[in-house]
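Each chain gets a letter, A, B and C, in the order it is written, and its residues are counted from 1.
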Amino acid sequence: MLLSLDAATVRFGGRAVLDAVGLDVAEHEVVCVLGPSGSGKSTLLRAVAGLQPLAGGRVLLDGRDQAGVPAHRRGVGLMFQDHQLFPQRDVGANVAFGLRMHGVAKGERDAEVGRLLELVGLPGAARRAVASLSGGEQQRVALARALAPRPRLLMLDEPLGQLDRSLRERLVVELRELFGRLGTTVLAVTHDQGEAFALADRVVVMRDGRIAQSGTPLDVWQRPADAFVARFLGFENLVPATVAGTAADSPWGKLPVPDGSAQGERTVLVRPAGVRLVPADQGLPCTVTARTFKGTHVALRLQPADGPRLEAACALRDAPDPGTPVGVAFDVTETLVLD
Amino acid sequence: MHHKTFVAAAVGLGLVTLSACGSTDTGGATDSRTVTLVSHDSWAVSKDVLKAFEKQSGYKVRVLKDGDAGQAVNKAILTKDNPQGDVFFGVDNTLLSRALDNGLFQPYEAKGLGTVGAEYQLDRDEHRVTPVDHGDICVNYDKAWFSEHRLTPPKSFADLAKPAYKNLLVTENAATSSPGLGFLLGSAARFGDEGWQGYWKKLKANGVKVVDGWEQAYYQEFSGSSEGRKAGGDRPLVVSYASSPPAEVIYAKKRPGTAPTGVSYGTCFRQIEFAGLLSNAKNTKGGKAFIDFLVSKRFQEDMPLNMFVYPVAKGAAVPADFTKYGPAAKDPETMAPGRIAANRDQWVRSWTSLVLK
Amino acid sequence: MAPRKNRAGNAARLGLMALPVAFFALFFAWPVAAIVTRGLRTDGTWHFGRIADVVTQPDLRHVLWFTTWQALASTGLTLLLALPAAYAVARLDFPGRQLLRAVVTVPFVLPTVVAGSAFLALVGHHGLLDQLWGVRLDTTVWAILLAHVFFNYAVVVRTVGGLWAQLDPRQEEAARMLGASPLTAWRKVTLPALAPAVAAAALMVFLFTFTSFGVVQILGGPTFSTLEVEIYRQTSEVFDLSTAAVLTLVQFAAVGAILAVHAWTVRRRETALRLVDPGTTARRPRGAGQWALLAGVLVTVALLLVLPLAVLVRRSLDAPGLGYYRALADTDGGTFLVAPVHAVWTSLEYAVAATAIAVVVGGLAAAALARRDAGRLVRGFDALLMLPLGVSAVTVGFGFLIALDKPPLDLRQSWILVPLAQALVGAPFVVRTMLPVLRAVDVRLREAAAVLGASPWRVWREVDLPLVRRALLVAAGFAFAVSLGEFGATVFIARPDNPTLPVAVARLLSRPGDLNYGQAMALSTILMVVCAVALLVLERLRTDRTGEF
């Protein structure tokens, strides 16, 4: 493993911000740590970088314990959330910084800076002042700067956090392609699931300093480990239920669940696509309270007479107006019993 | 340029370390071929005269200037167990007792002491100090002002308290200025322990102005100096030295035919400066030779124009400018060093509350 | 925090602190302790009773009260008059800005005896005020206060202006957009950010005026007495070392209390600031308000600072054909063994050495104090560094004499003693000027450099230094100016016959005669010019930044 965390723990004034975290990142793997703010994901990166001392556990790079190895000798790169470009240096000098620190000769350095700026889509920007860059350009320079010394592990803290949506979506694709091309090992943190899923080979969801779930984007999306992960991924149709066989008894009535689901008191998740609208006199009676156009489909908010609100996805032409009474049926393929 | 920054930093770092090690070679001045003179800031001698001494005696002379006269004496006392030099020059009669009582000097009877007037030899029995020069602290007057106002300049201490001279005198703080102290001691010598306070009450009533130092008195308040005039100085009488008029002539932009200022010879207090061999001197032989040099004719004749003082050696010729524009006082007030030592602090305190408050 | 890391942090801090601690212990604490001990201890017994004797004298209470209130008033007045100028040099772009920065610093280096007499030309008998309105201020406390402004104007302009120029103006603009008036925006956004620098400047002005000596004597006359004057008198004239020792302790206590208050107020305000390139923050004055402010600053500077200096220059030119200047090259004046003009080189040599020492010692101390993990002990050291500004030069000078008299530290006759004493005064300036800027550097910039492979030393060199370079140059300029004009410590230290400029000026002034006075003025003018040129060169260094470092 390129990076292994073994029960890594960080405390701020007694509170565990990182609580016995174990994590492995293989070479050439792109791992995204996903979690709400305050879940400890930035601290995780800082601990790996050597900027944040551990209160317990170990950080291993290439199998070697990094205790006592200062940040500048760990050979990892870190791109900060707000870039932290050196304000007194121009673009080229920012990118060349790591190369200079590693004693790369000037000629070679200049060539590399040119190559990197081209790579991030800013050819010929070397002499520009940092202050004159737009947010997206700063982000690219920060990326080029982090890539320049060819770190064995590149860490990105909210890499696209400050950018507008369209730019973000484009850059995610570019980054993914770039990392694939360079074979870079990446550990990124973000609070945006879309970004994480688009970027990562593997997603790690964090909660309160612990890892809540780890897996491929598809895995995590399809099988959230618990209600927290499901909520964080944006699923709202979660109810406590008693599972017996292939049926679950819930505030929304009896829900069909897949064969082999865990039994007993559980939380049941129904994806919006699994909430089907049926005539008002059938299924669970609900009232449409809101309708949001989502481009490819319409998201509906439904209020049952009893029990928590529901979210449904339906085709544009089928969408009823708010206030319309509807009936709801549940689709077993989109229903999941959480462990 | 950043390299320069670091070079400077490195130099600074080096300096601090060097300073610790460098002491050994500066301390190397203790060898027997060097004689070290500790003096006050006013010490001066012509280059060729000093060279001649070095050549003739074979000693190299190092000079350390150590603040004004009072500081130099105090520091010499503080360091007497491990003195900075061999000879100390510059203790005057107002400080002599302090120096002697603290055992600052060891006895040495200078060769050529016979030429020195007996009235200057205040330690005649033990020869711990050797008189080198003397001077007089006297009231100076602005000649132009007095002729313009058809007034006779004051002649004595008593004159200064007369209504004719109301608001004309400026003097210095006796607590911080050496001429100020000299003038106070002169009045105490003239009027005695009981009388001097009454005299100063009269002076105060007569509008005496007190400033802190000689520079302000002479260059700001005194109308007799050209700078004082420019600065709007309106006091035609100032406490200064008998040698001030010749200095006004010698250090004039354009040499005048006569001095612009005169001396009220009845207001003088005598200052005598001494040199002595320091108690724990490392080069006593060299020190003795240097003291001999200080009373030699060559030095005594060179001294007046360098330090604006008068020689103590009888045969020493005084420069013509001195005899012409500012001869030494014939009959100045004097006071025994012991009496000065016993009363000085008390007098200064009384004077301060009497005159300044 | 893991104990291992903690230890590493401590080691780094101790490493940085070692030299400053050694410096201050050896060249300040020890000499002062030695002279105080000498005063309070005779024949192996302490005489603490002396403390009660001296402290209970009613005179002393009077002196202490005057010393304190005049220092407070001087500090307030200096801030009031100099803060607009700090704004002008930081934020307004007008021709002669750099010259203004240099000019205001000139009074700071002038020997008090010279500046005092020049200042009298403004407020004294037949002075400008007297001629215009019949107002005479000499021998009043106003003369003392105004002269303190004259001397310390630069402290505020340079310390506060240095930081102000680097504050991001967009912050204030943001406040304006949120509906704040210009004044409110300044008060709510800029002032809090400036607070550490303002507090640092105020502290320095206070310490300087609290220990004021020459100004009080020359302009106030003998009726005004500060603690400093008393200490000088007891040490130098009366030679009552026990009284002097008690007074020194009283001054220590007073200065210590001030420093404690200062530390307490500043500590709560320190925040990381967003610093930007000072070249980008200045704008041409816009609107009547800014023009009026600029005009007000220029008039104040012209009246209060330039006019007395001009009087000085005019007096130095009073002889036909630059006679006074030509006389400086003669050795037959008798006042010196060497030509007075030689004092220029002596002064420059001392000043360069003293600046180097002050920058190294102060820079290391500032770097150690700026660390986020600096503990209470280290922060306490911060305050201690300022103590030399609050201790009488005569105490330090006499202390040197009895403390540094044995090998391997027999420095009494070494030339290095003078720059060392001057650096004692310069180093606190370096710390005060650099610390606010260093503390304002975003710690993540340092981290960014570290993960790119920069060792702690490289981080300091590559990240901190470029950001604090301006502060460092300001600090070096101060240290240089302090050293160039330093008189007290220099005259209290025995030295071979090479007078520095201020000492030479004082020597010339102690003699009657036009020529001596004129030469003193000429030499003072040279001192002014040397100082102004040196500061202008430093300003140049700041602007011709080439390459990436």
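Going forward, a contact is a pair of C-beta atoms (placed from the backbone, for glycine too) under 8 Å apart; a residue touches a chain by one contact, two chains touch by 3 or more.
This is a predicted model, so every value here is computed, not measured.
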Most central chain, judged by mean C-alpha position against the global CA mean: C
Where the centre means the average of the CA atoms, what chain is farthest from chain A? B
Computed distance of Cα centres, chain B from chain A, in Å: 87
Between chain A and chain C, what distance separates the C-alpha centroids? Give it in angstrom. 55
Distance between the centres, which are taken as Cα means, of chain C and chain B, whole angstrom: 33
Junction residues of chain B, two or more chains touched: none
Can you list the residues on chain B that touch chain C in the complex? 1-2, 5, 8-9, 11-13, 15-16, 18-24, 26-27, 29, 38, 41-42, 44-47, 62-68, 70-71, 74-75, 77-79, 82, 84, 98, 173, 175-176, 210-216, 218-220, 225-227, 230-234, 240-241, 244, 247-253, 305-308, 345, 348, 356-357
Quick one: in the complex, what on chain C touches chain B? 19, 23, 38, 113, 116-117, 120-121, 124-127, 130, 217-218, 221-223, 229, 232-233, 235-240, 315, 318-320, 323, 331, 333-337, 353, 355-361, 363, 394, 397-398, 401-402, 405-416, 419-420, 465, 472, 491-492, 494-497, 503, 506-507, 509-518, 541, 549
Which of the residues in chain A end up touching chain C in this complex? 46, 49-51, 53-55, 67-68, 70-78, 80, 82, 84, 86-90, 93, 96-98, 101-102, 131, 145-146, 148-149
Residue positions on chain C within touch of chain A in the complex are 1-2, 4-5, 275-277, 280, 442, 444-445, 447-456, 458-459, 462-463, 466-467, 548
